[in-house]
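I have placed the structure first, in the form of structure tokens, so that the comments after it can refer back to it.
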Amino acid sequence: MKFGIVINEGPYQHQASDTAYLFCKAALEKGHEIFRVFFYHDGVNNASRLTEPPQDDRNIVARWSKLAEEHKLDLVVCVAAALRRGIKDENLAPGFRISGLGQLVEAGIQADRMVTFGD
Amino acid sequence: MASIEVGGKSYETDEEGYLVNLAEWNPDVGNYIAKEEKVDMTDNHWEVVNFLREYYDEYQIAPAVRVLTKAIGKKFGAEKGNSQYLYDLFPYGPAKQACKIAGLPKPTGCV
Amino acid sequence: MSDIKKFMFVNRKAPYGTIYALESLEVVLITAAFDQDVSLVFIDDGVYQLKKGQQTKGIETKNFSPTYRALDGYDVEKLYVEKESLEARGLSEEDLLVDVTVLGSKEMGELMDQQDVVLSF
Amino acid sequence: MLHIINKSPLTNGSLDCCLRVAESGAILLIEDAVYGATKGSAIEGKIRDAMGQFKIHVLLPDLEARGLADRIIEGVTTVDYGGFVELVAGNKNCQSWL
């Protein structure tokens, strides 16, 4: 089955990104496909390469990049939300790309299920 | 921050030349931006630009091209309600170019 | 992409206190371009998004409430408000800035069941 | 239909709203909503009532993280992330009551 994922909250402030990550990992382990992960609202902050958590904490951004690399995930950051919050190509972590809201709608059309994680 | 000089007054713009403060707009500023864009403003051009400003005043957004086309057709006649007509007036697109001349914000959320 | 899906946007948050209402509206405007079956529902504090007479000068924030009136031009015509939420806030249809269909909770639930994609922000 | 709740029902109205509007189907409590799945809370009765109409699940890792895995209300089913995935896949659609 093809899943589309929406993440509306940034890392560390809210559990949404953690839950979404563990959901994606479990779905992939079960042989499902993640069609796209769309980062919206403060969720765009999950894509900041400049994030430096303490070493004894999980690295949420790096974890997404790694999962994307291993499974060829499409991590899309909403351009309108990103520009509002200072996320640009220059500070984008590996595996993420910036694109329009149409990518969210398209995920809704293409995926069998859409799951939203947020506050 | 960039700026443009029109009639001895300075207007702030963003890097792409969109007016920063929408309230500062006046027809001279529109004409100036049009010249920069190499658009020769005719009555037909002003019709669209003025329509965009009225639309923005009323709804606080610049309309999507599809919505603009339909609305123009309804208001000014079917022969004007098609994207060919609008692209002939504004070769770089009614959303980008006409909005810029009208002093409206850059259309975001591009598909 | 010829298949048409039923998209429902569930608005349960008030405007201005958080950005969710505004960014939700932005998604709706984009979705309109994809020729899908779009409905918007307003439940709980989401009904405050449609309150007439919003004046945002004092908080130096853009008033995006007039944009709801543009939805019709975008062919987004299905706007539903939950009756219970409206009543719980002392509001009636006359307080709203657009025409909506008022539904009881259970009718709202049935409508939600029929959707393909339910998005809430 | 699957209804996902992520806020503590003791301080937030999301679960109430879901119970008022939703017809039937499954409810999954995740993140801070897992407090709703525990015995002895002020809303235990509400959860028990809802069981007649909905199948209620709780995300166990979230409950364990909060030190309450030993207090689950009888009849609430625990799932791990894999079970969460299957719930989404097994229902026609889902809604996150954010």
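The chains carry the letters A, B, C and D, assigned in the order they are written, with residues numbered from 1 in each.
What we mean here is this: a residue touches a chain if its C-beta (ideal position, glycine included) is under 8 Å from a C-beta of that chain, and two chains touch if they have at least 3 such contacts.
Please read all numbers here as calculations on a predicted model, not as lab measurements.
Asks: Across the interfaces A-C and C-D, which one involves more C-beta pairs in contact?
Replies: Per the contact counts, A-C leads.
Asks: Can you tell me which chain is nearest the middle of the complex, judged by mean CA position?
Replies: Closest to the centre of all protein C-alpha atoms: chain C.
Asks: Between chain C and chain D, what is the gap in Å from one C-alpha centre to the other?
Replies: Centre separation, chain C to chain D: 26 Å.
Asks: Take the average of all CA coordinates in chain A, do the same for chain B, and state the distance between these two points in whole angstrom.
Replies: Result: the chain centres lie 35 Å from each other.
Asks: Go ahead and note the Å separation of the Cα centroids belonging to chain B and chain D.
Replies: Inter-chain centre distance comes to 50 Å.
Asks: Among the residues of chain D, which ones contact at least 2 other chains?
Replies: If we look for residues of chain D contacting two or more partner chains, we find 93-94, 96, 98.
Asks: Multi-chain contacts only, two chains or more: what residues does chain A have there?
Replies: Within chain A, the residues that touch at least two other chains are 8, 80, 100-102, 114, 116, 118.
Asks: When you check chain C against every other chain, which residues touch at least two of them?
Replies: 26, 30, 33-34, 116-118, 120-121
Asks: Show me the residue ranges of chain A that touch chain C in the complex, using the header's touch definition.
Replies: Of all residues in chain A, those touching chain C are 6, 8, 40-41, 80-81, 100-102, 104-106, 108-110, 114, 116, 118.
Asks: Provide the residue numbers of chain D that touch chain A in the complex, in ascending order.
Replies: Interface residues on chain D, with respect to chain A: 4, 6, 30-32, 61, 80-82, 84-86, 88-89, 93-94, 96, 98.
Asks: Quick one: which bits of chain A touch chain D in the complex? Just the residue numbers, please.
Replies: 1, 3, 8, 15-16, 19, 22-23, 25-27, 29-30, 32, 112-119
Asks: Show me the residue ranges of chain C that touch chain B in the complex, using the header's touch definition.
Replies: Contact set of chain C toward chain B: 26, 29-30, 32-34, 62-64, 66-67, 69-70, 73-74.
Asks: Using the touch definition up top, name the residues of chain C that touch chain A in the complex.
Replies: Going by the criterion above, the answer is residues 1, 3, 5, 7, 19-20, 23, 26-27, 30-31, 33-34, 36, 116-121.
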